[in-house]
């Protein structure tokens, strides 16, 4: 029933390749099916002005799509003169989600910026960005720990994200683009490795859904996040 | 326990005053406690380019805050040269939520723009905007029906929104600003009058939550939306 | 002869409702006929960089129109990415006019920003903004005096503004929108309570006028400002 | 008493050099003392969208200052990313003033853009721009008449502008920069050759003025405009 | 003598991996040492307005750097609100260079946009972008030929680019970042496969050079371009 | 053969009028045929942040065209909201070229901004801007030397620029607009008075060129620069 032939609760193939760029303190290329996102974590020894002297670290994120990551070429946001509403919404979500898994006292007064750039898009780019972004963050923090710059690990539990939705009347896990563009209800679940919820966003466009369906989607999300967290752990040898 | 002395499941006082401006096709001032939002619905006989000739209507929304709607003065977005990320995110949510309750075939090729301008803010402005925005939309559509311009009612079920969150360890309904600024978990539920879900957004900042808590929050939301829908119906004589 | 049936020298009904928002140090809603402007005065304990250490206060103003304050919906300036030329011109006028009535030494090193937001427009919004803006400023300064923060009153004489013009060949006072859009000559007179002139702006579009007419318009303006100053005094119990 | 040693009612030396650039349909360099403005009139065979098919012409203006036209270097507006409020206000005034002297039916459906670029500034640039701008416009229209493209002259009466103000307690004509930066009251009078008023703008900054003073200023303005119109006529052989 | 230990006339290792993204009509990842640029060619069946109906094709280019492609993180241009001067200059160069190798009549009325996004930077990104951009263009044109959409090949001769400069007093080929940041004279040579020159840009910063040195640099450039053209041919099986 | 009737190696008439504005520390109007550029040098006693405390001076440049400097009116960049790509590229070139002739240690911690504004354009504006810009810079530095503010002359060798190109198959010197718009190959040579090269930019649009032609163009450039340097010396009495 799904265009890809997958079962309703079947994720696409996930791979996470680490240390893909030489400059970033942490980096990975995450591939969830044909969605490929390059994630880098950049460490700076300062925090934003509103946090100065507070003894707390900061994690923030930025998101972008290469112009031809999509089926037809998108206008480059730098030439349009601003980030679009969708971009801003996504990067705020990524930053908020990653921060939920960070002990900012343990991180200390430093900032890590996670850049998530979509190289190739086939649905679910923001979820891949969160999942891969956490890996980049993990690797950058590992360096700080190894160097003795921080003493207690600020990343106590992984953070991962997966999309779910109602496609052709059925709850499905990890929508690809053909599903995403048809689904009347879809959204994202961001969770920790121990299944705590960080963010739920479930939207309908020209449709509605009920609590039973919401519960089925959350069951699917838990399954998906389990698999993603395993991939994160494998990639980071954790 | 709540700063306002309310019970955990108690909404603030809600009032909806209709026809508050003489130019708009539909308008209301919604007051949810000290949060006051002016909502206007503006009708135009054309649709955006991407819908031309499709026989479908369009509903969109814009959101703004007056500079001194808040405790300390905010910079006016028109002087900053752009809408901030929060504004864009909110107005996309309002538009999406209202559209979920519209039969766009019945509306026909016309656009209604719902402007939600916060006159005074005390938490929950986006929820008040959706709830009041639907009233403005309802009144504008009533005029179209009365004039015979549309034959079947495109608004089959009201749309309303309420915030919930975990404050001081307890699930609470309809957070005001003192609660909102302290809550580690909070979000918005947008629902129809018949309790169908349109959008769930539940975020944690520096905290997480579990499925039991999620369910308690949804129970609270259903109660809140019921009361808001009653207020909408009273205001529009429906 | 006038669309509204008013005499040539007859103002529209004027009302000034004070303390309309809970956050601002001073606020009012001024209604001049169907023109409604919300004015707030926001106090900050600092002055702009060019005044630092000069021992002088600063009063500035910003102006905006809600998108549907007008007969057909205007584009929101925040989405257009900048304030239009007309907006900038008006807010510069408001600030300059209010400052002319302020003893900046007596005010001391603090800034008051007067925001004038048009809720409903029917001509003469900039004059209503100045007249109402002065009331908001008066109320904010009253608080400073009451708190003992300033010792001598920096507002020695009220500031008010009225439009005049030549409509259908006749000098008329306080143009409403139907008159304003037809008048070949119109402008604004800003004066103090003791009839001193602060600013005269009288423009022709596709027409000209002579000194006799200019004098008749100034006579009308003096009458109008008298009535506005009475309303200001009543509203502020001065 | 005046820094320049001029009498109270004495203009600076005025010269108008015509045809100073080879591309523009009309051009002049106007010099009013040390204020030098290059004015060009550019003819286009189309009108703005809001006038299409109305059988009316359009005249508009733009204003700029070269970065080092002033005593200390100003930031170039093109690098700042927008025209400042003062620029927008001035160019709107120039366009409005010139249009007041144009028979737009006689001009026919064509647009003339008058660019006024300040090469060297010493006070009164907007008045010089209007006076010189009219000369550029006159020359461009002369070409249209000569070519037989328009049959009746759309410029029936010259338009000129002069500043006046109260300096050291005395009404003075044609303020230069040292006067302008000290005067508590100053403004601009735009008039036709036959002494009809087009626009009066008289502002106070930290001061006020009375009707007697206003009348003295208008007397001065009439004298100044007479001299400017003579210079315009000499330059255009009219 | 060179930081990398290379001979004066030795290029870095060059590899060109083709068909690296599934959406673009042509794509490659070019690696010149540690400089990695992703190049995609996007085909559109329309030309820019200035070419409509002229029977000519158009090739244009855009360039970007990922924020952490560099040693320390750069600000994302989309958040800065515009492309910087360096970016604009580079993408104009890429477009101009590629067009020099295109028979625009043979291409017909279609546009190909070549996006060059730097994944990792170590000097010479614009040269890598041109060399890799030509490969992406070649692959996209191959598809058009194979599909029978164009009959004669518009790409008669490859286009490639290499940097040269004077480092520590010696002319060197293909500067990497440590050399580039120290060289007083450096620039880029864009040439065809048959050694015709397309563009020469040789700049000094705090230094100058003479014609002998210029000739030595051109000799080096010819050698470098030969090697790059071989790599282009190998990658495209030409 | 040339539209102007000039020989292949013949420059247009060059004149440099100095001290043309009263405010700038150095200024000139350079006229190369019908290309007229006003150049001013503005001295500031501070350097950009990246140079603070380094003991080095800075020279930078900005470039603009008046809207009607060209055959048909161009849009003013300040109203477009940004400098176009061509403008940015040109002003970067001017700044870089002038800096190549400056001993920044001798200049000391001060900045000179050279503004080059095109009053009338007929091809070769960037070369005229560099040549005239150097004169303005020379005059500003002369003042510093005369005032004893700097002890050793930071301008050891003049900087001048000339365009060359291949027009109708022939190498020609100093292209005017009719030639420039037809030439398939053209570019700019920036050199010192002692014939050292600072920058070579030679581009082809829809054509290519070989090394023999490149050498012929450089011969022409040397001749042109000699004549320009003579004009610079005459204008500055050097």
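Should a chain be cited, it is by its letter among A, B, C, D, E and F, assigned in written order, with residues numbered from 1 in that chain.
Just so it is clear, a contact is a pair of C-beta atoms (placed from the backbone, for glycine too) under 8 Å apart; a residue touches a chain by one contact, two chains touch by 3 or more.
Source: prediction; values computed, not measured.
Under the touch definition stated at the top, chain A and chain D share no contacting partner at all. Common neighbours of chain B and chain F (chains touching each): not present.
Traced through touching neighbours, the fewest hops from chain E to chain F number 1.
Farthest from chain B in terms of Cα centroid separation is F.
By residue number, the contact pairs of E-F overlap by more than half with those of exactly one pair in B-C, A-B or A-E, and this pair is A-B. Ranked by how far their CA centres sit from the centre of chain D, the chains are topped by A. If you average the Cα atoms of chain A and of chain F, the two centres end up 51 Å apart. With centres defined as mean CA coordinates, chain F is found 33 Å away from chain D.
The set of chain D residues touching two or more other chains comprises 82.
Read round the ring from chain C, going to chain D first, the chain order is C, D, F, E, A, B. Residue ranges on chain D touching chain F, taken from their complex, read 21-24, 27, 34, 38, 40, 42, 44, 62, 64, 66-73, 76-83, 87, 113, 115, 117, 119-120. Against chain A, the residues of chain B that register as touching in their complex are 82, 85, 88-89, 92, 96, 99-100, 104, 187, 192, 195-211, 214, 218.
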